[in-house]
Amino acid sequence: MSEKKKTMLYVQTSGVNTPERLYSPFVLAQTAKAMGMDAKIYFLGMGVTVVKKGEAEKIQMGSFPTLKEIMDQTIKAGVELLVCGQSTQLLNMQRGDFIPEAKIVGAATLNGLVLEVDATQWY
Amino acid sequence: MSEKKKTMLYVQTSGVNTPERLYSPFVLAQTAKAMGMDAKIYFLGMGVTVVKKGEAEKIQMGSFPTLKEIMDQTIKAGVELLVCGQSTQLLNMQRGDFIPEAKIVGAATLNGLVLEVDATQWY
Amino acid sequence: MSEKKKTMLYVQTSGVNTPERLYSPFVLAQTAKAMGMDAKIYFLGMGVTVVKKGEAEKIQMGSFPTLKEIMDQTIKAGVELLVCGQSTQLLNMQRGDFIPEAKIVGAATLNGLVLEVDATQWY
């Protein structure tokens, strides 16, 4: 039991205009938690639109539940959601536009996180 | 000769609708093998369409050979091709839809691989 | 003062047809330099169009300066710009098509870099 818990970081750089790219980080972050790891998802660039209030409800693919259902399960599993503050400015979005579970952070945060975590995945 | 052989993992998250994104992991995986490394390519999300039977034959860019020729060279060079099972479900694709060299695996596989390999590249 | 300086590598695989994906690596590379790290940006696939002469001038988003202004600040901050030679061939571009600060390198370079640096970010 001496091994340190691993942390996996998922970065979502794609937005609601490419719905086929949005399920993977949520599914994989849930899987990471089930594997005994910590998991965080960082939304950057167009990715911030995924955690905009009301957007995940509109996305549904194949026989899968809506993205909102998958996102809610992911939050319940203890996965942390972080949003790039600079990206929200680039897209003229306001702090109140996002779901309350998504924490807005600065650009230095991502540079620090990718050095700290055990692995990062890019979507 | 005591240094362990390095392994490079390439993840293809883009599909046949963005042909300009598809050559890089095959070219780089071949280069990795020529550099004495092991190399694997993991197809996820829309990326699974790249290893759908009959698709790589249709893709050709600039003065390069078809993607099928590049893929065949890559397989011959000993690069392993893995396909995300959940993504095939998301896109309503069947096991028999894929080229025989592509091995379908579960979501836990990618989380494990990115921790095991020496570096991962995302396309 | 005994800790080695960290190096962050940013890989830009997206091109001028997706302007919303282009600011992040420049902003983050500048932030990395301000955090005391070394930073490099590698342009690959469609990403090479970002450092084509005259292209960054045409890109401007939200209340941000043009991409050219951000790129110039990034170069002045000491961030190195590398261009994948194979990608320029794939897109039928010539060596003289690129800004002089962008150094064209071979496919083996990226495989080597991702093993050497402390972390890589993919855009």
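A, B and C label the chains in the order they appear, each numbered from 1.
What we mean here is this: contacts are C-beta pairs under 8 Å (C-beta built on N, C-alpha and C of every residue); 3 or more make two chains touch, one makes a residue touch a chain.
Bear in mind the structure is a predicted one, so any value in this text is a computation, not a measurement.
To overlay subunit A on subunit B by their CA atoms, one rotates by 120 degrees, a value rounded to a multiple of 5. In the contact between subunit B and subunit C, the residue numbers used by both copies make up under half of all numbers at that interface.
Remark: subunit B and subunit C have CA centroids separated by 24 Å (rounded to whole angstrom). Among all residues of subunit A, those that touch two or more other chains are 122. Per the touch definition, subunit A reaches subunit C in the complex via residues 11, 13, 15, 44-46, 84, 86-87, 89-92, 107-108, 110-112, 114-115, 120, 122.
Subunit B contributes residues 6, 8, 20-21, 23-24, 27-28, 31-32, 35, 37, 61-64, 118-119, 121-123 to its touches with subunit C in the complex.
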